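Take a look at the structures listed below.
Shared chain: chain A. Partners: chain B in the first complex, chain C in the second.
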Partner chain A sequence: MTSTTSKQSFSARIKRELNKNLLVYVVLIPVIIHFLIFQIYPFALSFYLTFHDWKIIGDPEFVGLKHWKNLFDDEIAWKAIWNTVKFSIYYIVPTMALGLILAVIINSGVKYSGFFKGLFFLPVVTSFVIIAGIWGWLFRGTEDGFINYLIGFVGIDPQLFLSSSSQALLVLAGLSIFKVAGTTMIYYYAGLQSIDRQLYEAARIDGASPWKIFWKVTFPMLKPIHFYVAITTTIGSFQIFDSAFLLTNGGPNYSTTTIVYYLYHQGFTSLNLSYAAVLSYVLFFIILIIALIQRKYIGKDPNYY
Partner chain B sequence: MKKVISYTALAILAIIFIMPFIIMVFGSLKEVKQAQIDPLFWLPTNPSIQNYINIFSNGIFIRWIWNSIVITVIPVITQMLFAALLGYIFAKKQFWGKEAIFWIFMAVIMIPQQLFIIPKYIMFADFGWINTYWALIVPELWAIMGVFLVRQFLQGIPKNLEEAAYIDGANDWQIFFKIILPLSFPVIATVGTFAFISNWNDLFQPLIYLTNEKMFPVTVGLASMLGKEGNFGVEMAGATISFIPTFLIFIFFQRYFTEGITMSGIK
Partner chain C sequence: MSNTIFKRLGLLFLVLVLSVVMAACSEDETTTTNADTDTDSGSASTDTDSSGLSGEITVWAHPYTDGSTGEGDMWKTFASDFEAETGVKVNFEQIPWANRDQKILTALAAGQGPDVFYVIPDQMPQYAEQQLILDISQYVTDEELSGFVPTAIEATSWKGKQYGMPILQTAESLIYNKDILTELGVDENSLPTTWDEFKALAEKAKAAGYYAFSYAGGGSLNNTLYPFLWQAGGNVIDEDNNILINKPEAVKSFELINEMYTKGWIPQDSVTALDHDSLYLGGKLLAINGSGISVNRLLDEKPFEFVIAPPLKDAEQLTYGTVGMFVGSAISKNPEAAAEFMKYVTNTENQRTFNNITQYIPTRDEAKDIFDSQQYMAQLAGYTEFAKPGVIHPEGRNIMPLVQAEIQAMLEGKQSPQEAADKAAEAIDKLINK
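Moving on to the complex of A and B:
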């Protein structure tokens, strides 16, 4: 008797809950299943792979830490990590600086600022394939290359650019700076607009030069933006792949083999899926550390949101 | 003085930023042979549309454009719909585990997409999805970033709007379609524009899941043309065509891009 009443009230409760939240269940349950299949399962499978030898036919064979140990003896893997760090060094500060310069100019009261903002943002929405195609033509390492032609006017000898192991990574960084500066510009522009105008007026009344106002007022007031932009561009720079694939195929002499390029190469050219999974976890750990640094500083300073 | 510096810097930077696009368009209007030898070949003399004729007479290019449209448009529509639905659910509904589910979804953003490539390749090989649209459409049906943006937006909207509708006897679906959807249109447009650009421009995923030339989207197709000596003009014709949809979306929805970037970053 008691069990039937509790059953009834239980089914009544379910009915009530369904009435109230039917939309939630209808939408969320398929989404959670999708999330488990396409996010959680691959994440786990990838980790599992790093301890196994994957075969096209037959069961994967457990090999313990073999693939992880390979990483430590693999000079090219370390070179790829180092190349990626070098790429970050070439890329992060110039992208931030160019974005800030663009934002300052747009914000300085020039005419048609909306048009120019759009123009500077255009490379962001253009595919890497298009920009790489143009970039490759601009930076051809022969005398008749466009950039070589230009630098010829100031008496610089033709450079090899993409065929030079010391210059190729710089040319790729230049491409990324050109492509991404528009995004940093948008962040900085939002930051500049949120600075209280009275601060500038006070500084002007004190007789500060525009140059001084920039370094003493504007630049420090943008601190949260600097930090945010630094983190996002750093994370982005560790994932660089497209330009290395399109323009140099990781060469010459592995000088543009980045972590993701090497991962791609190991996985899909050498068909070393397990080792590629190890490399993808290396990338994951690096990005996780950057994100944790971000978390730590955001927690500490009340100026960050 | 300050004005002079601003305008000079603006002019120089504008020229640098517009130059690659001018080279692309003018380059596409040039005879093939000229492209290799002359750094100034792109200057507008003797334009011809021969490159465009060549690229379209090669049927595969039209197929690439079509593939790009399929794998872009379907996820764009579903991502907008799911962003709206899930954004509404996570912002306004009360149910067990709500916050936990949302933040688990969000945590996955921390994982670089490249980590999923290898396991997904193995899964898709099992599913028989390699060289099909499924590999590029099904995993992209919804995306958490859009949900985050809509949730963020709806949390800022006062409760009494929906409460009044509830009192009038409206159910969740009616509230969603009559109130939430029109209200959050600007955010949903932002989600759509971002989804369009990222899918249309994606190179990495199609490069891995598609090996059959007939299935390539235009990014992978163009990449396969890159660097082949002697067809820079054709390459640029292809680049120009594949750029047109991006450019139109950008012209009409520029506002949503810039607002979207600011919204997702600094709140």
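Moving on to the complex of A and C:
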């Protein structure tokens, strides 16, 4: 009896829902089909792949947990994961900070702010290959490299930069910060524009200094933006690939081999697609866990009114 | 109420059915067109030629020049002449060099892709072991292979089977900046032929404020370690999986590179540099190991006068030179026509055309006459007998990053040449016995 009631109420709910939103579903269907084919299917297939020896032509052979076990003996894979974590540390907070500083500058009503907005955004719209080429040229490890030439004036010895295993990853992080800060600037700029002016007025009446206003009003009010930017830059940082591919080929001695670079190499140079799928799942779980943690701590709406 | 729901559901169903039907229709159309073409060209071929070939093939090649118009016309002529001769229609597609492995592999995995495509000897044994490419031994006679340079045939066969037809070759040799030679007081006719002579010259160049040599440590080992390793009489691995990279003769090459770096003969960024073009073209570097591409660049840009010297010799006189070849796809539906096209495009006449436009070295001695009036290319073409095409092994390309990392650690001063070679051997062993 109870089950019939709940069944009825369920189908009634469906009816009501369809009656209300049928058109929405009709519009959604192509998107869902696209999502199933291009997201869910590859996602599931690559999981299936991890338990097989995938031959490019012919049927895959079931090998159980072989590839997952390989992961635990693979020092380079662990080094790649650690490099990626280090890269994130070098990259996420500086990108957010720089984006915020740039946004504050263009939002401050400075003269020619439109010009600065364009200037700061320029690296975002320029091709990454070009930017990376320029960066590689600037940070050339020889004495006549541009940055080496500049630091020579203040008495610093020439640095190896991309040819040093302790500096290469930092230089690549610098490149990504330069490339992405313009995007975070735009998000923060939108956030700044949406902050209620009255809050500033009230703070000023209370005699707060500009510094205090920034930390007590502006910064907390940007919390949803912080969350969004943190998530996107985190995902971006874990997917970092192109700068290592273009500038260092993962070297010196694997110090810029990131997880995506390593999985690309495993998949498309070594043709070890199953193992590459294992690595991509590792990447997926890392990003998932970090996103969940970020959501717990900075994902809540601001509640300051 | 419920009526509206059913009406709307009906609409939804109708939309779905329509889209499925439309998709099915368009698929039908394509199939029919293909079938039509097949029959057409099939009947045409029986009428016009006696080769017994028919159908069509798809050929993937890459841009071998910097967008010369002659290149496009060349492929059009090859395709139309081949069709006229055999009745087989050639669909030619030019694929950019970037990520070409990825493109070919994804196409093959999807059961599609080209019938004929281009590979170099690094890829060939790997593709052969994965059964991705066609064993063409049955389609090619020994006589047909006899006109090719022996090193080119060696580079296109694996375990006694012929997989590719070589179209081009390169040979790297030392290209010196003549201005620096003059400044150092070195006669261009008495350039170094051995390692010791080269070291002496390098020291001289260093003392005069130049780098002696380029070393792109982030790039392929074919242009960095391997030529020295072969010259010292060493090898990386043999066909029976014996690892040779930490044998005394091979270690000599590690030592040489270490010496060049610590003494400043090669630039400080050699650990990961991808090229030293700007230093070389800027006149700050005495010599590079270069091929025809470098020569043509120097001829075009004329940054300085240059002179080419033969490859160095320690225990042996050897250098790196690749062999470009066309291979057939193992899943080609028209393997005979694919093999025929590979033979056709690599015949003497077509090699003349191809290599004249692209400025690579023909793999047939007969066709090398295209360089009769080109001093430098003729000189490089003469060095192909010394050119080894890399490590011909299914794991050849996977070995490379392992060795590269150990050399980088050596150059950073973290390990000795012997330790680097031992660790490289260990890593190769682990890779092969995985």
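We adopt the following convention: the second predicted complex is superposed on the first by the 245 of 305 C-alpha atoms of A that agree within 3 Å, B and C clash if a C-alpha of one lies under 4 Å from a C-alpha of the other, contacts with A are read in each partner's own complex, and residues count from 1 in each chain.
Throughout what follows, contacts are C-beta pairs under 8 Å (C-beta built on N, C-alpha and C of every residue); 3 or more make two chains touch, one makes a residue touch a chain.
Just so we're clear, the structure is a prediction, and the values are computed from it rather than from any experiment.
Contacts of A:268 after superposition: both chain B and chain C are touched. In the superposed model, A:43 lies in contact with chain B only, and not with chain C.
Measured by the number of chain A residues touched, the leading partner among chain B and chain C is B. Within the superposed three-chain model, A:119 lies in touch with chain B and out of touch with chain C [touch as defined at top].
Touch criterion met: A:251 reaches chain C, while chain B stays clear of it.
In the superposed pair of complexes, A:32 makes contact with chain B only, with no contact to chain C. In the superposition on chain A, A:209 makes contact with neither chain B nor chain C.
In the superposition on chain A, no contact is made by A:9 with either chain B or chain C.
In the superposition on chain A, A:22 contacts both chain B and chain C. Overlap of the chain B and chain C contact sets on chain A: residues 22-23, 136-137, 144-145, 247, 268.
Residues 15, 18-19, 22-23, 25-26, 29, 55-58, 70, 136-137, 140-145, 158, 160-165, 168, 247-254, 265, 268-271 of chain A are the ones touching chain C in the complex. By the touch criterion stated above, chain B contacts chain A in their complex at residues 2, 6-7, 9-10, 13-14, 17-18, 20-21, 23-24, 27, 35-40, 82, 85-86, 89, 93-95, 101, 105, 108, 110-123, 138-139, 141-142, 172-173, 176, 197, 200-201, 203-204, 207-208, 219, 222-223, 226-227, 232, 235-236, 239, 242-243, 246-247, 249-250, 254, 257-258, 261-262, 265-267. Taken in their complex, chain A has these residues touching chain B: 21-24, 27-28, 31-32, 34-35, 38-39, 41-43, 45-46, 49, 54, 101-102, 105, 108-110, 116-138, 144-146, 148-149, 178, 183, 186-187, 189-191, 210, 224-225, 228, 232, 235, 238-239, 241-242, 245-247, 260, 263-264, 267-268, 273, 276-277, 280-281, 283-284, 287-288, 291, 305. On the chain C side of its complex with chain A, the touching residues are 1-2, 4-5, 8-9, 11-12, 15-16, 99, 101-102, 105, 108-109, 111, 126, 130-132, 217-219, 267-274, 278-279, 284, 330-331, 397-398, 401, 404-406, 408-409, 411-412, 414, 434.
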